[in-house]
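Here is the structure we will look at.
Every chain is named by a letter (A, B, C and D) in the order it is written, and numbering of its residues begins at 1.
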Amino acid sequence: MPLLPDLRPDFPLLARTVRNGKPLVYLDSGATAQKPHAVLNAEADFYQFHNGAVQRGAHLLAEEATDMYESARAQVAEFVGAEPDEIVWTENATHAINLVANGMANASVGIGGTESARFRVGPGDEIVVTQTEHHANLIPWQMLAAKTGATLRWIDVDDDGRMILDNLESVVTERCKVLAFTHASNVTGIVSRVDVLVARAKAVGALTVLDACQSVPHLPVDAKALDVDFLVMSAHKMLGPTGIGALYGRKELLDTLPPSQFGGSTVKVVTMDTTTWLDSPHRFEAGTQPIAQAIGMGAAVKYLSDLGMEAVEAHEQELATRLRQGVADLPGVRLLGPVTADAEAGDMLAIAAFVVDGVHTHDVGQVLDDRGIAVRVGHHCNQPLHRHFGIAGSTRASAHVYTQPEDIDALIAALADVRTFFGVAA
Amino acid sequence: MSALEQMYQQVIMDHAREAHGRGLVDLGLPHTGESHQVNTTCGDEVRLRVVLDDDTIKSISWEGSGCSISQASISMLTELIEGEDLEMADETIDAFKALMHAKGQGLDEQREDMLGDATAFVGVGKYPARIKCALLGWMALKDAIIQAQKGAPA
Amino acid sequence: MPLLPDLRPDFPLLARTVRNGKPLVYLDSGATAQKPHAVLNAEADFYQFHNGAVQRGAHLLAEEATDMYESARAQVAEFVGAEPDEIVWTENATHAINLVANGMANASVGIGGTESARFRVGPGDEIVVTQTEHHANLIPWQMLAAKTGATLRWIDVDDDGRMILDNLESVVTERCKVLAFTHASNVTGIVSRVDVLVARAKAVGALTVLDACQSVPHLPVDAKALDVDFLVMSAHKMLGPTGIGALYGRKELLDTLPPSQFGGSTVKVVTMDTTTWLDSPHRFEAGTQPIAQAIGMGAAVKYLSDLGMEAVEAHEQELATRLRQGVADLPGVRLLGPVTADAEAGDMLAIAAFVVDGVHTHDVGQVLDDRGIAVRVGHHCNQPLHRHFGIAGSTRASAHVYTQPEDIDALIAALADVRTFFGVAA
Amino acid sequence: MSALEQMYQQVIMDHAREAHGRGLVDLGLPHTGESHQVNTTCGDEVRLRVVLDDDTIKSISWEGSGCSISQASISMLTELIEGEDLEMADETIDAFKALMHAKGQGLDEQREDMLGDATAFVGVGKYPARIKCALLGWMALKDAIIQAQKGAPA
């Protein structure tokens, strides 16, 4: 499959050197991506020429800012196949998931009235997640269960970290009110069988929440085609700024889910003791919005769209194989998850989390860092999956559009030396 | 004519000062519909009532307060739409919306004719924040017609 | 009182022209402030040279990013007289208030266990706000009352918008669990009698939450000296970026308040159905943090500190008098609130909200905008106070460190023509 | 010596491979204190037990797993502190913390003497993310001593 052209010149940070002048090999994009000039310029342009409060005031700056802010929303909507008013800006993907879970908790105590009744959960109801979730898509649901008396259940994973779907009907039952799962694992890189999971959720009338943090930056994603109810993403993994993420929700759901952050810009009429909400998306965007960041996220999806998400996907697949195969072939190194994807599952991400026999992940990371190679060490906010694998943490390398094969080769070469350095090589 | 003068044309100022249809009228008829709209930027409100007689809009009346743009706009729509049939009302509403999104450019002759004096609002299209003001009454009209059609007894 | 030097060259946006080449007179800083080069450069520098995920990973970028992120926290802490771990980053001030209110709601259903018992409220308990609050410091408390069955009460204001404190003992009683109030009104510019309110709250054992959004950018503010329990601020009003605000909380309170946003970076140990939290501030910062924005906020408080907050305050006072007196003196114009502060109340902000007889606020704003003068129109997220004044909205002019007397003179001159334009002048 | 070699000095590698004090010891005595610490970055954990005999630290034992830096650091502190009095323990803890925050520079002679082999951790101070690893056991020690002083019976 064809690689993208070398995009590194678009990313100013990639030109810097680290640890005594070594060129940077950035393989931590799964944690956060680097930003192209286009994104930095979009934010700078906003602050330098158009900064003003949005959806308020009638002066020129306010008008321009509002227009840019809402145009960015339309760009992000188009990027995931949604309508503009189905996109809510949030601080990051974690907050987007909390928006749904906390909204459901509020509905459960009567906030939003009968209009919000479909979001209520309580004793006897079940909330289902999976064993491969990032903490962001686990803890909000634990807490929803704790607050409402509903029961948390989960889909287990097999030795390779694949969700076990054979017994799906016994895990996702008529009692299930919401099924929250990841589109792609940030540890194994496995892309989930969204079709199977959504079909089951629909069969039992459960809402679906898709954590698309790791998929949206790397694969074409269409929320309508996937037919999920909610979907979350984080700009900073999509070449965009920090401080912004987005929630997609089907319009009719967003218009009836109660908000959980309250304040200005969300309301119609406020008296000292009553408040009526605006329609979505504004009912959820309390206070002064992350305006420059939304505009930056708009620029990021434009950059990705200009590359073409099919081309991005092809690049990712090419690197995925090189990376995962390369790591798996190393003696004394255990790759978490399968080397390549199963036929029916489709893609895998260019992510490889692994364990070096006899060397702790922090020590592995340190040696790589000394060579200018940036990877992530630890549990990657996914303790249950690591526990399932029988380990506390792992070392993770992950790629993005600017990653080139030689970055991966540099990693593989350095890894071969790690065991020697710590004196554990055969 | 400056952009500001284009926005606040004399006919708009006149309607703003002496608005038509102000004061809710209760005809005690079925097919009466009402809508309450708020401009959330400034808190301006309008409550607009429509009475249908078959396909004809028999009466439009309203109460509310707002800026000259919103008040003049409601006043003009009352003049324009009262006594007309539903099809014509729909087309006029669409034409007015189109005018608002024309960024200060006019529309084709046919639709401008349909809007009559209301084409004077053309200048508002240059000010996105004010479009809501001009549309406030029209949104209420559209919604009140739907309510009236539901046949809610007066 | 001495004015600051002309700082406009530091603020790139102020050099632009509007509406056919007119110079910009920016008097909407109460909604959002313009940003100095120092802030824009700090963000750009982060993205271009140090961007990495914080508090994770062991590579150089992650280390540098973490260091910059935590240094910014220390800067903001110092700016308001707090310790670094008493500062929590939030999306804006609104989210900071929600963090406290939602945390209390969670405590009330048992989250956090007995450790969090002091935050519980329920039927019979009272939550007290004031009639001059921004929606951000009203609706979260309405909702806390709605969720828990507690009663919302409020301190009324007089015809000038001053809080009525004579009967404070009957409004803030032994049943009061939390007293939330603004440090300075975003409509009248009145600075509150924090001393009186805090003393009463302490006497009845109520927590205090101070909305310092409008004070912190303009006056020296010391959270410890004010002796409040919580204090919130928004960077974008402090010359900082959008997308970030901060909560100050006394350490012992922050360590026991349950979080209300759940996810990565907040936890110690996570299993599929249990989670233990980190200490503050990290327990509240769920997901990837607004890193660049925190760094930008750090640069903003450095800029303000370098000016010296006493000098900033003097500048503000000088402009406040010129602005409020200037508006009050215009025939046919009603200024909301007193022209100058009462002796014991101290400062007033350089904010003036007013109503022009016979001309709607939107129309006033439009004429000013046409002259290049940017002001805010509407209810400024403060409907109850406007209703109290018997109006739906007002026009508001507000200043900042870069505002010069001629900006105010331009406003006053333009206002004198507004009534003529609309044909309502005497 | 590269920064990496300075961090992973031979003595550190040796302690990491053969750690002292591993395996919790139960002496069945009062004034036993225990502390459980987690390095939240990587999930590494240590459970460290201290037994006091008056002012003397009679026994230190622990279990846990972690990187070479954390394991070597716990091993060395066991060697250094076991059998010492509380005052000396406190001073050593403070000296080790100071070493961690010295950004790769050494300390004065007196404190380096006190730390003995543990001065080998000087290189860690250049890597802020690893300071937590090196301090993990020391935090547990400090806390366990406090627990033991509370006189919690074994």
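Note that a contact is a pair of C-beta atoms (placed from the backbone, for glycine too) under 8 Å apart; a residue touches a chain by one contact, two chains touch by 3 or more.
For clarity, every value in this text was computed on a predicted model and none was experimentally measured.
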Measuring between mean CA coordinates, which chain is farthest from chain C?
D
Which integer distance in Å separates the CA centroid of chain A from that of chain B?
45
From the C-alpha centre of chain B to that of chain D, how far is it in Å?
77
With chain centres taken as the means of their Cα atoms, state the distance from chain A to chain C in Å.
31
What parts of chain A, by residue number, touch at least two of the other chains?
19, 56-58, 62, 267, 269, 362, 366, 377-378, 383
Residues of chain B touching 2+ other chains?
41, 127, 130
Pairs of chains in contact here are A-B, A-C, A-D, B-C, C-D
The answer for chain C against chain D in the complex is residues 55-58, 62-63, 66-67, 267-269, 278
Spell out the part of chain A that touches chain D in their complex, as residue ranges.
19-20, 360-363, 366-367, 370, 377-379, 383, 386, 392-393, 421-423
Footprint of chain C on chain A - complex, ascending
12-13, 16, 18-19, 24, 26, 28, 31-32, 34-35, 40, 43-44, 47-53, 56-62, 91-95, 97-98, 101-102, 106, 109-111, 131, 134-136, 138-140, 142-143, 145-147, 152, 154, 234, 236, 241-245, 260-267, 269-275, 286-293, 362, 365-366, 368-369, 373-378, 381, 383-384, 387
Report the residues of chain D in contact with chain A in the complex, numbered from low to high.
2-4, 7-8, 13, 41-45, 65-69, 127, 130, 133
What residues on chain D touch chain C, complex-wise?
38, 40-41, 127-130
